[in-house]
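After this come two complexes, each holding chain A, first together with chain B and then together with chain C.
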Partner chain A sequence: MLNKKRIGIYSFTGCSGEQLVILECGKYLLKLYEVVDIVGFPMAQSKNTIMDLDIALLEGSITTESQLAELKEIRDSAKTLVALGTCACYGGIQSMKLGEGDWKKRFQEVYGADDKLYNKMKPMESKPCNEFVTIDYYIPGCPMDKGQFLHTISHIINDTPPHLYPFPVCTECKWKENDCLLNRGELCLGPLTRGGCGAVCPSHNIPCVGCWGPAEVTNMPSEYKLLLEKGYSQIEIFRNFRKFGGTPMVEKLKNMMEKLR
Partner chain B sequence: MKRRTITDITRVEGHGGISVDIKDGKILDIKVNVYEGPRLVEQLVVGKSPRDVLNIVPRICGICSLSHRYAALLALEKALGVKVPKATEMARNLMLIGEILQSHVLHLYFLALPDFLGYGSSIDLIDNHEDLIMLSLGLKSFGYRMNQVLSGRMVHGENPVLGGFGLFPERSALLELKEKSQEFIAMVQSTIELFASFEFPVTYDKEITFMCLNPTDGEYAYLGDSVVVSDGTEWGIDDYKEYVKEYVVPYSSAKRAKYKGKPFTVGALARINLLGERLTGEAGRYYKSLYSNNWKANPLFTNLAQAIEVLHCLESVPKLVDRIIKLKEPGIVEAELDSGASVGAVEAPRGTLYHYYEIENGLVRSCDVVTPTAQNLDDIEKSLKIAGEQLISLDSMDKLESTLEMITRAYDPCISCSAHLIRINYTDKDS
Partner chain C sequence: MRVLWMEKGKLKEFFYSMKAFGELWGPIQKGKTRIYGKAENFSDLKLEPGRTALPIKKLIHPSKFTMFKYDKQEYSTKLENIPRRVILGVSPCDIHGLLKLDEIFLEEEPDPYYEKRRDNTAIIGISYCKPCCDSCICQSMGTDVVDEGYDLFFSDLEDFYLVWVGSSLGDDLVRLNPAVFHDDIDRTKLEKFVECKKERDKLFACSIDMDVLPDIMELSYDSPIWDELGDKCLECGACTMVCPSCNCYNVIDEVYLSEGKGKRFRYWDCCIFKEYSLVAGDHNFRENRGERLRLWYGHKLNSFGPYGRPACVGCGRCVDACPVDINVLTVARALLESK
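After this line comes the complex of A and B, so read on.
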């Protein structure tokens, strides 16, 4: 490669899980450092910039005005923007109460009623990156999968579109020939959740918690009715749908309730 | 007055800065500012079930997610009357050891080592220190393999559930961990020697107040029902709110804590200072040959303390595996109660981590989490001030800044976890 691509990894609000996955790429990370210029990676290196980026990798959701300003600057500077992980893609656990109102009150219950910090921090309820800027590619996960990350980034570096993972966890669970947890009466979100984790929880006898965010095409009303039949309350079902569902789930729930009406 | 601001501390987990106020060549003040975005995790779990809690709270931190899970499990199980079998307890301890190993390796080789060898990142070390980089990558992968075997995956594994494991770790996988750990035991000793050879840019002469859990079995371990303090006191974890007094400062979004009105330190250096005599094997041998009174005062010894703990963790793996595989595979113990309240505490990689839950009719009424970095922030500032006063005579502001960053980094602050869980105690409740 004559001109190495300039890549930066930037972190907003989350647990830093995606940066940890990148650091855990081992020899592939060393290779990545050979074939591209990593000009931003604050967790790993001292010198960092957001200037003239070919690819920006974003981790975390947006929860303050200054993060929003930085996100917009990165969008202006980068040719391609990739959202990494459930927080950047959909908003993460910190978005589970979106739309319920009272956000400032909840903020004050944690940080105190004094407006000094509020005014200084200029916080906002968590939203994913695509609420504010155009995102070119998504690699969901909590945290994302190393293999999917390397696959996607290799394609983008080489200017070929990456193959995304459109199927839900349920598909991967079938491939593994696991006993269906829904049939056993468990509140499993496998049919609604984006695949790619290898159905790791159901393979451990644990119902899918939905941590990779909502899959695009699902039959949510059917899952909802099935869970009602199994004896779960609407509150409990919605609570689970929303745990990692972020902004897409707000819309999906609204649509579902309209259909069911 | 001149204010130098290190806006973003790099090579730490999370977002924070240091501001240094200088007037007439004297340090007026040094502050650590944390500017993490809010997540309100303690609020998110209110009204949720214990199972939801276990999905949510580990997400506080990607590095020590299993410590959060374990502390939450201990609190929830105690509150709901669940007593797990010995095999479950030991497999969880093995899980915690894997996390401490993985976290320390990340900090030592990737975040701290470049400071001592004069590089901007650990990747830059590859040309001259390839062996170190390859060892660190191998060790880190091994730590994550432990996470995977015990918790189900590398980060945020859901396998440890209330009352046990969704799927108890397989015997063959446990034996694989045992074998692999033995390979690394010989290899990490050069790392301890490397960290022991570094000279520090700052000297400290005042003893730090240290605190850690006191393991009941007299071993060097990461669990206990009481907290031991370097001033000789000991208290039960149920009383943590009395001793670890939390407060907030107006300039930073992270909660702080004081013990008897004074700053204190938790983490690897605290554990080595308070429990080091209990170390056995090669880790014990290194402790005896390297430990001195300087460890009681200089936070930069945290790196060496972590290096010894890496060896201790590796040496603990075969012992724990041997004990676990002798026991009958445990099932999941169901909760007997649906209401209760309790504290759970573990030694996370960075120090004592407290979780408290109050459950009513199967749902969380209130939650409190006190993270190690929140407890360390005051001592970080204190040691930065001492360093600043020693270094201010230097002409180079860059040197001052890089040294202050190096000291901050030595505490291995997990800024994102310290900041996500803040609660201000209202002093004017009547208004």
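After this line comes the complex of A and C, so read on.
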């Protein structure tokens, strides 16, 4: 084999679920260690660096100045950047109030009005990685899917572009022949949400909460009107849309309100 | 064509004797939905009017499957691993759906994956003295009766079955247990069949005027209806997934981590999705959702590709599947009512 590619996994704000998914890859994880040099993986090894990276895998959203500095350093050191999971891709659940203002007030309500902590942490409102640097590939999910991770990483290592399904959750839900929860009157976000999870929640009779982030092409105004007709309040619908919607949802909601006006 | 009859109580015995051919499948209940599934016992089968969530295409043209695996030397399709199956209880509209797929996958360049599954599957159709459901449009589409595409076809005439033998495989299946079949069909049995058909014809709750609709579709190319429907469509793809005549798929290669190995798989694609019509250079032939819906309904209600006939088999699945009520019935109605 030619020179092994240097890969690092770097973690920002999130639950570290993506590192756990990688650790759970079993025999494929051992294979991965065989074919690449893993130089950064905080959950698995104590020696971690950011230097001459071929591929950097990012999990979590950016919420402090020091994370931002690290992200920029990674971008400068890496040929290919991959955002793992909904937090890194879209901002995650911690970005649900993005753009609503009064962020410092909200921060201090939780962490106290003490400026000492604020000045020391230099926190900022949670945003996805692509707000600050160029991201080459995205693997959404909460957490991401093992199969989609292995597909993406194998393709990049072998210098072929990865391809993840751009379809919504409903597609796989139909493949599984589930009874449609939206048709039953539930607040299901399947049509708006990026698929690939195997429609796992609707398959267990639980409406989709949108945890894989917004699908690229959706018809939000139509689903919004449909949910209003089904008796849900605007507040409730927006809260659900925003829960995992991150930055793309801010834009989508703005467009929707303009369209409906 | 050979026609036989069978006493109602003998189907169970015949069902088990078909185990000699392969796995036994049929309409079974899964939670709130009916699906084509493996039937361990005859009592699992739902042999009564009603519709499965997905059509029979899912067993011949699966939603996602591996075509072949490869390494640096060779590739292997493992077609020999495709099991032999008997599917008892296939509705006439689903058989018509298969006939449409046959035209696409078997004529000219036969698709080996489709062909092998089709060859390994015994299709045993069934019809009842009632329509399957309230949203059936098969009568309008001429798909409520079926002349070909099955191996055996059972007409459930309440206290007995009339059984049509549609292929040499069907004949082989009869020979697995010839004692349960009789060929002395008397006049009363035939009269019962005719009466049942006439009664059923009166019970269809929905219809589409197919005499005029294809021409109206042709004239409605620039109709504002398409944009109105496009504004409403959720682009969830449900209509295409449940449609017996939808056959589009995408092909993706899965490269393994090392050793130059990988596999190629297929999954159902959908022309309602924007990415479907995206081509090199970021151009899109059907940029608007309305244009994509017009294409789909053009295929279903006017003509599909080289075959010149509407692809809709009138199963009514899109009527139940679409969350925003866009389906062959509402679209046909909107077009027929617009000027």
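FYI, the second predicted complex is superposed on the first by the 261 of 261 C-alpha atoms of A that agree within 3 Å, B and C clash if a C-alpha of one lies under 4 Å from a C-alpha of the other, contacts with A are read in each partner's own complex, and residues count from 1 in each chain.
FYI, a contact is a pair of C-beta atoms (placed from the backbone, for glycine too) under 8 Å apart; a residue touches a chain by one contact, two chains touch by 3 or more.
It should be emphasised that the depicted structure is a prediction, and the values quoted were computed from it without experimental measurement.
J.: With chain A superposed, do chain B and chain C clash or fit?
T.: On the shared chain A, the partners fit.
J.: Does chain B (first) or chain C (second) touch A:R261, or do both, or does neither?
T.: Neither partner.
J.: According to the stated criteria, A:V21 is in contact with first (chain B), second (chain C), both, or neither; which is it?
T.: first
J.: Once chain A of both complexes is superposed, is A:M121 in touch with chain B (first), chain C (second), both, or neither?
T.: Once the two structures are laid over each other on A, A:M121 reaches chain B alone.
J.: Report for A:N158: first if it touches chain B alone, second if chain C alone, otherwise both or neither.
T.: second
J.: Per the overlay, which chain contacts more chain A residues, chain B or chain C?
T.: Looking at chain A, the partner in contact with more of its residues is B.
J.: Measure off the angle at the C-alpha centre of chain A toward the C-alpha centres of chain B and chain C in the combined model, and quote it in steps of 10°.
T.: Result: 110 degrees at the vertex chain A.
J.: Please indicate which partner A:C211 is in contact with in the superposed arrangement: first for chain B, second for chain C, both, or neither.
T.: In the superposition, A:C211 contacts chain B only.
J.: Minimum CA distance, chain B versus chain C, superposed model, integer angstrom?
T.: Superposed on chain A, the two chains' closest C-alpha atoms are separated by 10 Å.
J.: Can you pull the chain A residues that chain B and chain C both touch?
T.: Common to the two interfaces on chain A: residues 205.
J.: In their complex, what parts of chain A are in touch with chain C?
T.: Going by the criterion above, the answer is residues 1, 28, 31-32, 34-35, 150-151, 153-155, 157-158, 160, 163, 165-168, 170-171, 174-175, 177-180, 182-183, 190-191, 205, 217-219, 221-223, 226.
J.: Using the touch definition up top, name the residues of chain B that touch chain A in the complex.
T.: 8, 10-15, 35-44, 47-49, 52, 55-56, 59-63, 65, 106, 110-111, 114, 120-124, 126, 133, 137, 140-141, 144, 152-159, 161, 165-167, 248, 250, 253, 416, 421-424, 426
J.: Touching chain A in the complex: which residues of chain C?
T.: 30-33, 35, 52-54, 58, 63-64, 231-238, 241-242, 252-258, 267-268, 270, 273-275, 289, 320-321, 323-324
J.: Which chain A residues qualify as touching chain B in the complex?
T.: Result: residues 11-21, 23-24, 26-27, 29-30, 33, 38, 41-48, 60-64, 66-67, 92-94, 96-97, 106-107, 109-114, 116-117, 121, 123, 126, 142-143, 146, 197, 200-201, 203-206, 209, 211, 236, 239-240, 243 of chain A touch chain B.
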